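Can you keep this structure in mind? I'll have questions shortly.
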Amino acid sequence: MKKPVLSLFLVSLFVLAVVASGCIGGKETTPTTTTGYAEQIVIGVTDKVTDLDPANAYDFYTWEVLNNVMEGLVKYKPGTLEIEPALAEKWEVSEDSKVWTFYLRKDAKFADGTPLKAQDVVRSIERVMKINGDPAWLVTDFVEKVEAKDDYTVVFYLKDSISYFLALLTTPPYFPVHPNYKPDAIDSDQTAGGAGPYKIAKWVRDEELVLEVNPNYYGEKPKTQKIIIKFYRDASTMRLALQNGEIDIAWRTLRPTDIESIKKEGKFSVIEVPGGFIRYLCLNTQKDPTKDVKVRQALAAAIDRQDISNKVFKGTVEPLYSLIPNGMWSHIDVFKEKYGDANVDLAKKLLKEAGYDENNPLQIELWYTPTHYGDTEADLAQVLKEQWENTGVIKVEIKSAEWGTYVDYARKGQMMVYLLGWYPDYLDPDDYTTPFLKSGANKWTGTGYSNPTMDEILTKAQTIVDQKERAKFYEQAQKILAEDVPFIPLIQGKLYVVTSPKVKGVVIGPDMIFKYYTLYKEA
Amino acid sequence: MARGVGSYIIIRGLMIIPTILILYTIVFIFLRILPGDPILAVVGTKNIPPEQLAHLRAMAGLDKPLYVQYFDYLFRMIRGDFGVTLAFPQGKPVWEYLKLRFPATLELTIFSFTVSVLLGLITGVIAAKNKGTKIDTSMRIYSIVAYTLFIPWFGMMLQYLFGVHFHLLPTSGRIDPGIDLQRITGLYVLDSILTGNWEAFTSAIRHLVLPSITLGMVLSGAYTRLVRNNMVDVLSQDFIRSYHARGVKHWKVTLYALKNAFIPVITLMGLQFAILLGGAVLTETTFSWPGMGTFIVDRIDYRDYNAIQGAVVFFAFFVGLISLVVDVIYALLDPRVKY
Amino acid sequence: MSELLRVEHLKKYFPVKRSILEVLTKKEEKFVRAVDDISFSIERGETLALIGESGCGKTTTGRVILRLIEPTEGKIIFDGIDITKLGKEQLREIRKRMQMVFQDPYASLSPRMKIGDAIAHPLLIHGLADKEEAKELALQMLKRVGLTPEDEFYNRYPHHLSGGQRQRVVIARAMILKPDFVVADEAVSMIDVSMRASILELLESFREEYNLTMLFITHDIAVAKLIADRIAVMYLGKIVEIGPTDEVLNNPAHPYTLALIQAVPSIVKREKKKMIEITGEVPNAVNPPSGCRFHPRCPFADELCKTKEPELIEIGKNHFVACHHPVKD
Amino acid sequence: MKTIIDVKNLSIYYYTLAGIVRAVENVSFSIGEKEWVSFVGESGSGKSTVAYAILNLVPSPGKIVNGKVVFNGKNLLELDEEEMRQIRGKEISMVFQDPMTSLDPLRKVGDQIAEVLIEHGAEKEEAFERAKELLRMVNLPEDRINYYPHQLSGGQRQRVAIAMAMAFHPKLLIADEPTTALDVIVQDSIMDLIATLKSKGTSIFFVTHDISLAAERSDKIAVMYAGKLVEFGKVEQILDNPLHPYTKALLESVPDVWSERKVSAIPGYPPDLRNPPKGCRFHPRCTIFKIKKELHGICNELETELIEVEKDHFVACHLYRRR
Amino acid sequence: MEIITKIVHPIFEKKPGRGLLIFGLAIVIIVILMAIFAPLIAPYDPTKTSDDSFQPPSAEHLMGTNRLGQDVFSRIVWGSRIVLYVVFIATLLSMSIGIPLGLISGYHGGKIDRALSIIMDSIYAFPALILAIVIAVVLGPSPINTAIAISFVYVPTYFRMVRGQTLSLKEQLFVEAARAIGARDKEIMVKYILPNLAPTVLVVFTLSVADAILTEAGLSFLGLSVTPPTPDWGYDLRVGQPFLLDGYWWLVFFPGAMIMLLAMAFALIGEALSERISLATR
């Protein structure tokens, strides 16, 4: 008697609510242009645009947006690692590769029609150096000064010979910005942008970003007039929105399991893009018990990367056996060669040598941070714990800290074994080795790793221009890495773009940046 | 009389100040006693040299002694300045964020509040009128069940049912993408009415349905209970019986009873509003609602001191304001209250 | 007979609660003059009844005398000691000798304390007995006040008892210390008519046994007549008339006393002539009327009454009245 | 004398969770025109419940299980809600015990008075004029119509309540302990007011626990004990020649300013009405029953009946059964 | 002791709310037993992963398996430990701070009372969950820290209730009577006021436990309560949420149902108790 009354009441309440809202009605139709393409495409993301100022933005998703509303002197050809001219038509390099001269296109204009000249480039770069924000080091570490020879000629004077300077030039700190940007302060909500294919039409922080075609763009006009980016707090609401038809594209980042089941369902196209994003364990080389290289090696040996990929990531990632990602030149599977996967016997042997056995097991504290790398992180920690404990000689305690604390602990070297991840700043083996393995440069990792041989190899690799020569040094470095084990590479991420079947033209290169201007949606 | 009310409001308003100070102090202390700071959270795993780190810290004013930081921020607040964000993005006025996020929460709270009060009144009066019967028991069980509904769970069920399964209502966000709505107050429903944008209006309302039912339903339990008990109480009082004895019509007596029963409910409303804002965190999380709750949760991850302090103080101020309004309404409605 | 208690110029003013606004605007603090300069004394073994309407200050007087609330001014001399000057511990000592029976038997017992424990507790507080002895004495006391079987009653809680039974418990608790002096505040007014007599009888029996001195506070003149040796009539914080019971009841001198007596319904004297007509209600004690406080309601009031406050003057043996125009037969 | 109201065999039970309380059992009486009848008894004797039953307002969980209330030839208990409403406040009005709670605290006194008039057909302006007039009649200044109840003293509120009761010159006024919460002098003036009402032709049903108060102005007194009417008669009959042992004991227990006799309590306690004693409900406390052995087996077995012992003097006691 | 027997004894007496009380108590007792005998009841190691992920409920896995192939039923059983542990520690902590402070503050009044009242009112008026989140994040995830965070926001609840009750009890005649017989302040507080607070404290206790269960679940839903693989209902609900879309309802249904059932059980007990108390005082 009691229950029916109650449930009847509840049900009728919902019915009322739904009928009421149903009567009000929703909108379904998207306006189309005469070209036969939909006028707008809605992209959902769980990332955030932090700062529309390239002088301060230093996260992947914001860089992606900046790449769509701005352009540098050079850019990657969509879908490749090949560098092609952008705002600069051509360039020259001095003998010692210390002086780089760029010749700008004469038809480059900002979104509001203001012509873009060499002085704008110089102003923008000097602005980055002056503000000295988070990503400023990408300029300040390399560039001595920059000059405008005339309205269309820019000259960079570098501190050292840098073989990969063009790769650096593709990063947002080098993008020329509209004169509206405050000259000496961070301008987070500035929507004037640069000279990219799109311009920002509307910007409501953490809610939506509307991009419209830049009418003054020198190049080919994008097929889609309007790109709307919706910001979601988490993957599940984004997925709901996708299935609800609220968004056309679900981009960064759905969960592995979402990808798996969307694939199974088959209603959406799932586009897979290899990514340069790597995950690895840091081992503290200064503190007991991971101070002992044998312990570190044992930990490396006991890991089963395939199991991790299957259980935690449902096969949406690749196992990684080196810090240099798969597919990048000079990569070798050093850890696979040296330890293999789930090599419990080897791990036990090494631990025995280090003085641990079943009665005196190795006690490990494994740290992770719960939100920064998405919610698979806790599962990753659980599976690692299980793999290590399978040896019977290791006991693992899992600990976690919020990102702000976590980074502090890491920098101070207070954690024993901890999970971190790396998005490259520029696509070169150097960016996957020097920050980790070179004394001083790797201070932020908190592993305290230092090996003079390694330092020497990395310094040499940086200055040599010839790629084959450099590759040899990086191979050497990877072998030492596998021997010393200050880091254990685990997996390499892949990126997934899930789109409604009508959406075409998804092109994402190894730089992992989604260029919206190739997108179109069939009406 | 009018002047009395005026000064009452002012003095009652002044009492919000200690509340704000206390909460600011608590939050300040909790944020600083433990490791981690916003600069590191931003820099994260990037390869930034220590000098650059120190520079960034100094820029944010984090190199100063704690008491200086405490009073600096306090004096800023007095001038109405909540400082700038310290992480992701840095240097953006916290006030800008509050202006952006707060209306979202306010809109959600207002609708949820309405849902909860209406539900509570209806169920409470039904229960009281049928005191001691099975209907009464059902309503009481409803109040307990509603009170113990776990917001994310309930929200998910609604999302699944009305969003995914029946495809009736949007499950997240505040408005359909691509609808161009001029932002005036930040309350989308209000803005769309002000600008006569009916497409935006329906869209905003549709987005509000599920979250406000979730939150409103959970909070209605307390009202059901209180309205019922007050109503039972009032109905048993002599003056109700004497209304009947004087031959006053039945429905009128019910109305008078309701008015009397409603007065204590007003007091609850002030307190409920605080709970409502708390519940909004979970609701906002579940429905991807870009409000204050999610803002605070996000900012905490980055140890964004200024943003958290600012948000908490702002919240405290708002809660104080609501309880002030409630008190004033109470004083105006109940002739027995003196001010 | 000797004097046991003397009250001199006793005053108790309660500050009127001011709103925050009033405090901030420094609005003058106001007082309710609950007891405004009263003096009287009670002989050993005597019962004085304090009568008056609600709000006249009679209950406050009782509580101030036991220093349950602090007097604003004046002396309370108990057996030669001015108890207004006593410290906390000394006061506790003297409380062994001064007890109180409260009006509301429902509220004056802790609902969570067994009645036996409630009766025994005073002994334990004052260290007059150990637990066993206290229990024994409490059992005896229960029997003495007629709550038998006593061992069964000992373990009951107040809500199991009727009002009359509870009042017996309250009396037992007050009497277990064998006090010299008891303030009985409306001790029977909340008890059903049919029970009142038995409670009065019980009090009377203790009075005889212990040679109790009693201040009996009541609004019911009929009850006062039954139990009191003398009667004091209070009006708005003042004693307006005081004298031997029969004298006051038969020859009331103050118009107010007269009005009060006339208003009391009686079975014996059903048809009564109105000799005095008083109007209105008791004024506010915050701003009492000038002169004689009764003058706005008094049919005999003249200019003198409005300006000059009358003092208590003796008009018969031990019969005092504070009136410029006392009623004469 | 014309009978205004005739109550027959009224029984009212309270269906509480702890059991059925037989609050009123088989009570019959009648009130004549311009007659003041006082119902006297201890708390819980059922006197107030009878009062409520006349207006069919017995509070839940009470239920009238039996009986008739005949007024103007109609059984009030059988009227529908609207018919009853027309009688309430117009032909029969009621004044409650606690003036502090019997007025709506949120509404002005004037609104509440005027409402009675409006509810029974008066125009608004006329109603407010009449409200002022009524206030004057109960010796309150007119401006009190703009006061809220909390601004008035207890006595003043009771005057307001009486003013409302007087609105239509009711045939019957039910007054449920209207002076219990008031001081003697105020009590006296309220009693005077009720007496004025009576002089204008209203019969009074007066409930009190204080028999001396009943003694003063009543024409008849009805004594109730444990839900039963034990004695009913003219004032002189009851007070000067009480028949029922309970009435006698009650009279002896009341202190009186003008009497020199000693008071004595009634032994024992009133019974629990969930489980009333068999036979006469007073027998466990009855001194005569204790002394007279021959009554054993009668008083504690047989129900009592109200019998007219002399003209207008009824008593329910086995001592008078055979006469 | 007497209070306990007084409360326990009449549970089965036929009084209003008996059904609610028995139902609530039954659930609470079942969950407590579940927590105590978790190793015996749970058929699997709750942290053991397997390749059998997303198995629907079956005889083998009563409540199915989750994304890592862990047995949901075992996790539910073990999860009861965390909830009870956190909630009881939190409630005890807040009671042992809130009650004495409230008692002293209410009884003695004065400046300390005013200061404490302002502080407690401020905390009370602020959205509890948000404050708990701030504290929980700062302290880091562990059951004891969660308990501290929760207890912090419930201290004012007890304080206010005890202070308010003390203020009104202080004015009660029986307290004055106690002073009249010469009782000291301490004796009055302990022997006269405290026992009379007990019933209300009990009701507030059950209700605040119900509330704390939801707060704990809320915190762990936001990932602030425990570190995996520790089984915890709120956390399991959170990680199960995304799979609702795939029809793996058991991942969300069971943890959510347990949270609400347990909270409801306490709320029912509180409701029944408060009804009895209001009956007893009437």
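Order as written gives the chain letters A, B, C, D and E; numbering starts at 1 within each chain.
By definition in this document, contacts are C-beta pairs under 8 Å (C-beta built on N, C-alpha and C of every residue); 3 or more make two chains touch, one makes a residue touch a chain.
The shown structure was predicted, so the numbers you read here are calculated from the model rather than taken from an experiment.
Steps from chain A to chain E, taking the shortest chain of touch contacts, total 1.
Path length between chain C and chain D in the chain contact graph, taken as the least number of steps between touching chains: 1. Pairs C-E and B-D differ in how many C-beta pairs touch across them, and the larger number is found at B-D.
With centres taken as mean Cα positions, chain D sits 53 Å from chain B.
With centres defined as mean CA coordinates, chain E is found 23 Å away from chain B.
Here the CA centre of chain A is 36 Å from the CA centre of chain B. Chain contacts: chain D has no residue touching two or more partner chains. In chain A, the residues touching two or more other chains are 240, 243, 371, 401-402, 405. For chain B, residues touching at least two other chains, in rising order: 34, 145, 164, 285, 300-301.
Taken in their complex, chain A has these residues touching chain B: 1-2, 5-6, 9, 13-14, 17-18, 20-22, 24-27, 40, 42, 48, 50-51, 53, 56-59, 132-137, 185-186, 188-189, 202, 204-208, 210, 226, 228, 230-234, 237-238, 240-241, 243-244, 246-247, 371-372, 401-411, 420-422, 425, 435, 441-445. Contacts from chain C toward chain E in the complex involve residues 63, 66, 68, 92-93, 95-96, 99-100, 102-104, 107-113, 121-122, 125-126, 159, 170, 173-174, 177. Residues 131-132, 236-239, 241-250, 252, 256, 259-260, 263, 333-336 of chain B are the ones that touch chain D when the two sit in their complex.
Residues 34-38, 40-50, 52, 55-56, 87-92, 96-97, 100-101, 119, 123, 134-135, 137-138, 141-142, 145, 159, 162-164, 166-174, 176-178, 180, 183, 199, 202-203, 205-206, 209, 213, 284-288, 290, 294-295, 300-303 of chain B are the ones that touch chain A when the two sit in their complex. For chain B in complex with chain E, the residues that touch the partner chain are 18-19, 22-23, 26-27, 30-31, 33-34, 140, 144-145, 147-153, 156, 160, 164, 271, 274-282, 285, 293, 296-297, 300-301, 308, 312, 315-316, 319-320, 323.
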